[in-house]
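Labels A, B and C are assigned to the chains in the order they are written; within every chain, residues are numbered from 1.
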Amino acid sequence: MIVAENLVKEFRVPERKPGLLGSLSTLFSREYRLVRAVSGVSFEIPAGVKAAYIGANGAGKSTTVKMLTGIMSPTSGRALVAGLEPYRERRRNAANIGVVFGQRSQLWWDLPVPDSFRILRRIHDIPDAVYRRNMALFRDLLDLDALGNTPVRQLSLGQRMRAEVAASLVHDPKVVFLDEPTVGLDLMLKEAVRRLVNHVNAELGTTVLLTSHDMGDITAICDRVLVVNHGEVVHRGTMHELLRTADTRAVVFEQQGERDHAIDLIEKGLDGASAQPLDGGRIKVEYPVARWTARQVMSFLLDHFEVTDCVAPEPDLEMVLRRIYAGQVVT
Amino acid sequence: MKRYTPFAAAGLQGLLQYRSTFLISAVTATTAVGVQVFLWRAVYAGRDSGLLGGYDLPTLTTYVLLAQILGLVQANRVDEEVSGEVQRGDIAVSLLRPVSYPAARFAAGLPVSLANATLVAVPVLALYAFLLPLTAPTWTGVLLFACSAALSLVIGFGVNLLVGLAGFVTTNIWGVRVVKDSVVAFFAGQVVPLALMPGPLAAVAHALPFQGMIDGPLRLLLGRYDGLLGAAGILAAQLGWALALTALAAVAWRAAVRRVEVLGG
Amino acid sequence: MTPLATAARYARLTWHLSAVSVHRLTEYRMDFLLGAGGLLLRVICQIAVIDMVFRQVPRIAGWHYHEVLFLLGFSLLPRGLDRMFTDQLWILARKLVQNGEFFRYLIRPVHPLFSLLSERFLYPDGVGELLTGAALTWYAAEHLDLSLSAAQWLLAPLLVLCGTLILAALKTLFASLAFWTTSSFPALYAANQLGDFSGYPLDLYHPSLRWLLTWLLPYAFTAYVPASYLLHGHTAMLPWLFVVTAGLVMLALVVWHRGVDRYEMTGS
């Protein structure tokens, strides 16, 4: 559904000088430098997949999304969304996609939200049944009615984001691009947005491309992950595969005996592992996968302690990503 | 005083970033002067007598030109900045700073006035001085004008601050500013000197504070007053209005602060 | 889609947008009154100046009081219409490219220019200007005992339409410069400001200025040329009016499209 082939994007950026003297000097001249925001990105996302597009700030995420939505044309390379080159056939592509750019509004700035939807309905030629079904869904999940007749420019970020997400989905797009879709939302509404996206994906097979700094969004929505760094894809695969690249694993368990003694025992017995006390008498053991297998660690614990409860949490996504950005893992 | 210098620097820096505003101001002033000058030249051409309301053509041309220049200098962006802060809700943050907001705004507006005076007013003045015959003022006139222009800055600032605070009352600041730009400019004598207005209109204009922004200073500059007493009268009226508008702005600002405290912006 | 179907689709969309906008007008009555009232006051100030002028002389550059008022009123008709439909171009010139918000017109399945204009459709301030202009034109025509020929009646609406198109094209042209300079507000503002000359008889001005207002920034065709025709039956410039309108509209669309292409290249 989404294909990127060697996408490259370069910009000329004006140099700004700081301070009063600096702004005086820009009165007379400006200097530029060339920035390569995306350097040869290739990937493919099949229909119906919910993919996360992850990268540190300035990794070229938004630029890539802009090229896929037709807002920007690549310097070289090619993109295909639902069979169209977005920047070549922008208007036809626009009918196929929905977009949320968290920081920027796509709504009619001076109009109240209901009016924006009235217009969207017309410009997308949405059939009555579809429009009614979707609006009922949005009302239900996002409480759109609460936004009332306030012009968009006067809404708070959280209020606006609800309308933005709804606007991106109202025409049953084949592909939806979500860039920071839950920014400014409280926990309840974040949850609602995630439910809505998952619901639409399950019901209509909508393909989802998500970029977010909120790891909660990614884990709650996405089944596929692309990690970009310095304009290149450095990891692709399922969420599970990404997490497996972590170099340590953890086990949290509860036991009967004295805790300080237990911690001592673990750090001596399992070379390279660390143990920390958690609340409620629990102990968290972290061990390097290169040195110990899960089986070895488990049998050590069962041999030495009266284990009453035990969980093995998923590796921390942020930690995994930090290692990838730092260039310690290439997959 | 020292606490307000950062605001002045920021005001100037903000202006320099939008170097285009100088161009805007220059074109606006040039156009406005052009329309009026051509209009009045046609009037003088169609009359036998060389005087209109006591002005001959070069003096009236000088008046029309300097009226726009003075208007430029009083355009200190305070109305824009304040209404913008009100609409974005940033005004609440301003309450956290350990300075008086109106004073800080004045400090930020002053360098804008100075920059407009040097970077815009001088070229426009030079252009028209080159194109048209003007009347040179006397030294007494220049001296009186300097005092009067300083007072006119205070009056202009008060008016702009009040317009900016209107953002609390309406969202259509553009509408308020159109009213300000046309009505205030008209009664200030920025378009036509008060001496040329028909009796009742002139009486209204004299009763309003706005004449102290343009007509007052220019009458002093061009020597159109009755002796020392007349000059003192013009300055006194300006001073009175400057104080009254400062007080009014202070009251409006109080009300605005209370509103922010209650409604949070 | 065939051109006809496309035209029908845009006509339908325009209809729906108007419905939404009229609905909004009634909801923000205060804003509307303020904007309309502001423009009304501005016109009243202009009339006051004209009044003062005619206190001194019976006519200027061959024009009588009510003829000048007719010209001023007529100049407001295309201005008002233009403001009603194209106000969003100001926002484009000012900041839409600069802050990246222009993207939203590229992700809607309609022409980006249409999409842009849709955001301030039937802008209330323009309605006020149009009504003021109509009232002033009518008032002046009454006092002049103006009797138009059949041809003049037929052409009058067309002249207003052409004037509107000229203004809209100029605005599009200068606003589109923002695609290259990120903000073209000063250029647009300056160009718009020069339009202030067009509310008065061009005979007042120096020939060089008159030439500029006729051929470079053709504001002459939005008021002076049509008013001269309706008042005095001057037809010499009329053919040029249509040529200039068509040429300017085409030029504006070309520059707009080039600009959008460039925006796609740079994203800013």
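Convention: a contact is a pair of C-beta atoms (placed from the backbone, for glycine too) under 8 Å apart; a residue touches a chain by one contact, two chains touch by 3 or more.
Since the structure is predicted, the reported quantities are computational estimates derived from the model, not experimental observations.
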Maximum centroid distance from subunit B, chain identifier (CA atoms): A
Identifier of the chain whose CA centre is least distant from the whole-structure CA centre: C
For subunit B paired with subunit C, centre-to-centre distance based on mean C-alpha positions, whole Å: 29
CA centroid of subunit A to CA centroid of subunit B, Å: 52
Inter-chain centre distance, subunit A versus subunit C - centres from mean C-alpha coordinates, in Å: 46
Where subunit B touches two or more other chains, by residue: 171
Touching two or more other chains - residues of subunit A: none
Sites on subunit A touched by subunit C in the complex: 11-12, 63, 66, 69-73, 87, 90-92, 94-95, 97, 99, 101, 104-112, 115, 118-119, 122-124, 149
Residue ranges of subunit C in contact with subunit A within the complex: 12-13, 16-17, 20, 23-24, 27, 99-101, 103-104, 106-111, 115, 118-120, 264-268
Residue ranges of subunit B touching subunit C (in the complex, touch as defined): 20-21, 23-24, 27-28, 31-32, 34-36, 38-43, 46-47, 52, 170-172, 174-179, 181-183, 185-186, 191-192, 196-198, 201
Subunit B contact footprint on subunit C (complex, rising order): 28, 30-31, 34-35, 37-39, 41-42, 45, 48-49, 51-53, 55-61, 125, 183, 185-186, 189-190, 193-194, 196-197, 200, 204-206, 209
